[in-house]
Each structure stands twice: as structure tokens, then as C-alpha cells.
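In order of appearance the chains are A, B and C, and numbering begins at 1 in each one.
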Amino acid sequence: MQEVMRDKLVAKAKELLTGGVVTRVLGWKRGEFCYDLTPGIFKSADELDKEFDFGDFAAPNLSKYLIDETRKEDGKVAVFMKPCDTYSFNQLLTEHRIDREKVYVIGVPCEGMIDNKKLSAAADGIKNVAVDYENVVVETLWDGNVTVPRESVLAERCLNCKSKKHVALDELVGYEDEITECNRFDEVARLEAMTPEERFEFWQGELSRCIRCNACRDVCPACTCEKCVFDNPSSGVESKAPSDSFEEKMFHIIRAFHVTGRCTDCGECSRVCPQNIPLHLLNRKFIKDINELWGEYQAGAEVGSRAPLVNYTFDDMEPSEAVERGDKNA
Amino acid sequence: MRKISLDKLDLLFAKIAENQSLYIPSDSVEGAKFTKWTNGTALTNELNTVRGIKDFFFPQSEDLMKFKMQGKNIEVIDIRDEHEDFVIFGARACDVRAMTVLDNVFLHAEPVDTYYKNRREHGIIMSLACTRPVETCFCGTFGIDAANPEGDIVCHKTDDALYMNAVSEKGTALLDSLSDITEDADTKAVDEQKALIKERMTKLPLAELTTDAFGGGKTEKFFDSPEWAKLSESCLGCGTCTFVCPTCQCYDIRDFKTNDGVVRYRCWDSCMYSQFTRMAHGNNRNSQKERFRQRFMHKLVYYPENNNGMFSCVGCGRCLAKCPIRMNIVKVMKALEGTDNGSN
Amino acid sequence: MQDVTNFKPLIVAFCCNWCSYAGADLAGSNRLAYPADVKIIRVPCSCRVNPMFILRAFQRGADGVIICGCHPGDCHYTSGNYYARRRMSLLFSMLDYLGIERDRTRVEWVSAAEGAKFAATMNDFVEKVTALGPNKRLEDLRCKK
């Protein structure tokens, strides 16, 4: 259920294209089914009419594509962004990865996106989907209409939505909204309260499923290295497969560490994981620690903010105290 | 044909597991997954597993040999041994056909891959017909009959019984060993189910998709198609499609330096990766467009050209379900088809 | 099976060139004893220690990893150890979150004059790691004999 409908966005994109404000539009393309939207570039009103789509499945965060897109050619690119996407955009601006002058950001309000994995687990053979605030009615191939509560198939990141406010914007289609109250650290706290043995068991079970497809890395708007250390043959840690259980631990610890203080918690990593690993719980642990150790910090909330790991104060906590602090909380 | 009532399914599994490892698709946090059967492992209700049966014969990572260094001496250690016997129950028609695709690469061409052969010889596949295909299924496009899967023993699960028909020597031997708990059955229930499946296959959203435009000899036709740039523009270059694919067979061989020697292992590689087939002169496919094109041209043109017209896609639909940006072979086929004017 | 009673942990100590490395020297010339299984790796600053170094040390068989740098305020490069302090706080907290025993990692500030502190720190660290036994949770089986 989205308040702002596809047609309104198409009209806005057409207006910008024909008015010469932008030369192309970055948005979502309609797929084979009702749910498989693909990010894509639109260069004409005709393409927009035929292929543009938006709705409950417009999950992909488009901000990372702007790095390449703004380098490709002159002229502005218009991009549609949900509130959480704008945090990634700001972070990329902070890191000088995107030329702001070449982008026209159109904010789109978001009511939460549906998680395909949850939906196909709830209903077999999806023909069509109708969504309202309460329910998702799935027209199935063999079981007629199946109704499931919308909340049960919303993406995890949407259930724990941190903000409905656009933090970067040239124009907003639809209504303005606010930063939301959320409980996104509850699951981290639950894990922290476990014994080390339980935590090890939990993460061993989760991370051992990794198949090193690198989707989490490649989709991540914070992972923008030209050459990843794990793809670099001279780094000594290049690996294409989790050949030993150590490998997947190292990969995920290092990847999470590399985006610490820059991760906006957009949730793309967990969305794309084909093995259903809750990768956001690694990033959120870092975010939670940062908040507790050195004060609240939200990456991407503003452009140009100094990330916690390139900052310090004279009386920061010692590492041993930082680790043991968990015990006092428990 | 033999049958066993569904309430005795555990008995059947226990009996098979007496003499070899048995793997059945079971629910897990990652989705359905082939799990080693122990008492209590329950069969999933999901149509298919997140990953196919390829892993059993061609695992993601396997050690090939070891070297031990002592002073100036290098000892080469052959670590191959006979693989244990195992049975895979519940493989779907698409995944079983995928094994034929892999056999063509690893067994039916010189040199024969002994690691693969070893596993293949020791594995028995019990396939299971699909009564509830989902919207992403398009095995029919590649001439696969979901009602009549291949395999060593072909199974049909009805509301009350499991019907089993051995179609290979290995399968016959296994089914014979189960004769005291199974009973003879006529084909009536199975025939009815086959008719239902056939009817359902025609109702799938992708039922009309054909391979008419593709096959050997089409390289020049599609290689420079302008569609590739558009299709690949949002590709992330991750390996999800290749790693969930039951037929993707590219691998890399690497050395891992241990503290006192070297382990030479091979692991799946993905043509979507920037360092795929990197050679001394650098990389031969430098853009994501080229890498993307390679994957689909291989499935739809190069492979059939080298394998008597057989395609190396089986329509299992995994890439449709798992691609982070939802690009997939169906979209590629449809876009390229549009550029096919029937000549050639 | 390793005999736990005779278990001698392998410790990797990353020592800052400007302080702890000299501290280790001083400990040596003062004949202060600390276990020989502490392998010192000299780094230009505690801030040079990349989280990957630590994980790689564990992968290659370390049972404990300790980082020694200049006391806060005394960094040869003004502020390196302040950054190291933040980084290691996060990394060690993450390792703890993943269930890795927290006594396997440590950061200690040891100056060039503190030979005695260096030896005492190493003795204490080795004792703690010995009590934990061999590193199992961050091991790479391929590197085991």
C-alpha cells in the first residue's frame, strides 16, 4: 500500500525530462510479475509510460547507481528516493562519491516495502497481489485468494523503520513525514544478553550458510571501493568461496567493520541475501556501540558529518571497558 | 511400481538410511534445504530447495590435493578416496535434468572429472514430481516434464501414498532392498497425478516461453545486440544467480598456504565476478555488460552449440526468485526474442 | 587432542615502534621474564593495526592477540592511538558479540620506559589465554597440523 501512486511519479519524471531539467531518470522497471521490479534508466516519456513502475515492491535502493551514472555523461539525472534511500545518498555525498550538481532527487514517501522472501513463504504461486494497510491479498495459482496480514510480510527494515523523513531532496512528490521511533536495536540487545556460547552458536549457524555470492557487498551503498580487498589477488585474503568456516566469519566481520560509521542501516544486505542471513544485525551492533560509546550518530543524516571512526576525544572509553560494558547493562 | 503409504514415510527413510546417507528437503531458516535425514527430519512443503542437488556432486569448495613442504622436498598427497554411498530424495525434475547438463561437462568430455565421477557413482537420485509448480517455474520451456522427472527412482506423492518407479540399475537395486516395506501398485493414481501436472503446467505464467529464438549458431545474431547494455545496466555483479543455479559449473582452482604446506582446492566461480578467468594479461571481460552477456550466451547459445542443442538452463526459477535486482534469464530471453526477426 | 595442562598459547603482540617495542627491549635487558610464545610484530603505531591483521593472526594459529601502543596523549604521531582505541573498542565488542572469548584480545598502553609493565602485561595475558585453552572459535582448520 503506497500513498503515492506510480502515475504521479511518471508524470513528474516526464515533466522533468521534457522541461529539460534532467536528461534521464533513474527509477524502477516493471518485471515479469507484479513483484520483480528492476532498477533502470529511462530516457524518454515513452519508456516511462511502458516500463516505469512503483509500489510495494520498489525495494531496491537506487543511490549507489548514481556513482556510475553521474560519471557517465553530462546533464542531470533524476532519481526517485524513498526516505531511507536518502540517508545512503547523503553518505555518498559526504564521501565525495557523487556530484550533487548532477542529481535531481525526487522524494517518494514510503509506507513500507514487502519482503519477497516472506511473501513467497506465505503463499505459493503468486499471480497477483493487492495491498492495503491491513492485509495483502495474494491471488495464487492453485489456492485462490490468500490473505495475509501486511505486517507479516513487510521487510524487516520497514518493520523497524528508522525514518520516514527525506534528508536529501530537490522535490517531494506527496507528503512530508518525520523521523520515526523504532526498536531496531532490540534484536541486538537480545543477542547481547545471551551467553558467549549461545552467541557463538547463533552466529556460527547464521554465517555458515554464506555462499560468498557477495550480493551483500555489491548492493551496499557504503561498499563503494573501486577494488574490494576480497577481490584483490595481492591482498592475501582474496577468496571466492567459504572454504573454511573461518572465511565467512572474516568476510562478514571485516565487511561490517569497513562500513562502520558509514552504514546508514538501509537494510539492503539482508534484503538481498539468498541464504537469509540477518546481516543487518552485524551493522546494527556497530551502530548501537557507537551510539552508546561516543554519542548518537546516524550516518547520512547530514552531509559532511565526521564519522565516529575518524574522530576521537581524549577521554574515550578503553577497549576493555567497552567490551565489559555489556555486562553492566545486562 | 511400488508404493508406501505416507504415514510410513519415516519408515521408508529409516530403511534407506540404514545402509547409506539419506538427504531430504527439509525446512530451515534459509528456506528448504537438503538435510541429512535422522529420525524426526521432516519433509518440507516448499516446492523446491534454495539450492539444487548440484552441491552433492560438485560442492562449492572441495580439496583436490595437498602438498607438504619439508626443507627442499615437496610431498604430493593424493587425498581422493571412495565417496560414501548416498541417496537424495525429493529432487525436482529441473534439478535432475541439471545433472545431465553437468554430466556433459564433467563426464562426457575428456578429461573426465574424477572427483565429480566419484560422487556421481555413489549417489542415487529419487526424484519427485511437482504437483504445485509456482509462478517462476518454466522447466517446460526446456522440454522438461515435471510430471515425469528423470532420476534413478521416480516418485509421485499423492494425498495418501508415495509411488516409486525405478528407472535405472542403481534405482532398481535400491527399490528392491525396500521390498519388505513397500507394496506393488498400479499406475492409476500416478496417471491421474500426471494429467493434473500436465494441465497445471499449461496454466503457468511462463508457459508460453520458448527457446525457438535460441540455440547453437546464434552467436553472431545476439552477441552485439543493443539489448545487453540495457539488460545489464543495473546488474550488481554479484554471484547470486550463478551460485543458486543448478547448472552453473564454472570453477576456479586455487592454492591455500597452510602453516606447513599447501592445500589445492577448487571452488565455484562466477562469470559475473570482475576477477573471473583473470589471466596474466589481465581480464578478458572488462565490463559488467560483457560478463552479463557471457552468462546468458553460455546458457542459451554456446552450451547448446557444443551439446547437441541442449540448453544449460532448466527453468527452475531460482534466479528469478533470488536476484537482488530481479534481472533474470526470462527477461533476457524476452528482450532478445524481440530482436529476433526470424532469419538465421 | 591437545594436552590442556601442557597447553602453551601462541600470542601475537603488535607493538608500536616508539613505545612498547622499546618497552619489550627494556624488559629483555632488565632480564624480566615473559613467555617465549609471545611473538612480537613491530608496527609504526598502534593505529597501523588493521582489524584484518588480528583476524589473520587468529587464522594462522594465534590463541590471543594483544596490541600495545603509546599512552593516550603520547602518540609519536599525535593522535594515532586515539583512533586505534576507538577501532579496537568496536572490533573487540564485535568479536564478543560473535561469541569469541573476550580474554583473547587486549589493548594495553606501554611506554618505552615501562619494561616491567610490558613483562607483567604479557605474563598476565598469557595466563588468561592459557586458562581459555586453544583458540577454537576463530580457527582455520586448514592451518592446523
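Here, a residue touches a chain if its C-beta (ideal position, glycine included) is under 8 Å from a C-beta of that chain, and two chains touch if they have at least 3 such contacts.
What you see is a predicted model, and the numbers here were worked out from it, not measured in a lab.
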Chain nearest the overall Cα centroid: A
Chain pair showing more contacts of the two, B-C and A-C: A-C
Between subunit A and subunit B, the Cα-mean centres are separated in Å by 30
Cα-centroid distance, subunit B relative to subunit C, in whole angstrom: 47
Would you mind pulling out the distance in Å between where the CA atoms of subunit A average out and where those of subunit C do? 36
Enumerate the residues of subunit A that touch no fewer than two other chains. 243
What parts of subunit B, by residue number, touch at least two of the other chains? 256
In subunit C, residues with contacts to at least two other chains: 142
Going by the contact rule set out above, which residues of subunit A touch subunit C in the complex? 188, 191-192, 196-204, 229, 236-237, 243-247, 249-250, 253-254, 256-257, 260, 282, 285-286, 289-290, 293-294, 308-314, 316-320, 322-324, 326
Note which residues of subunit B are touching subunit A in the complex, please. 29-31, 46-47, 50-51, 60-61, 132-136, 200, 203-206, 230, 233-234, 236-240, 242-244, 252, 254, 256, 265, 267-270, 273-275, 278, 320-322, 324-328, 330-331, 334
Subunit B residues within the subunit C interface of the complex: 256, 258-260, 263
In their shared complex, at which residues does subunit A touch subunit B? 31-33, 36-41, 60, 65, 116-117, 120-121, 124-127, 141-142, 205-206, 209, 211-215, 217-219, 231, 233, 238, 240-243, 268, 271-272, 274-277
Tell me, which parts of subunit C touch subunit A in their complex? 51-52, 55-56, 58-59, 72-73, 79, 82-83, 85-102, 105-107, 137-142
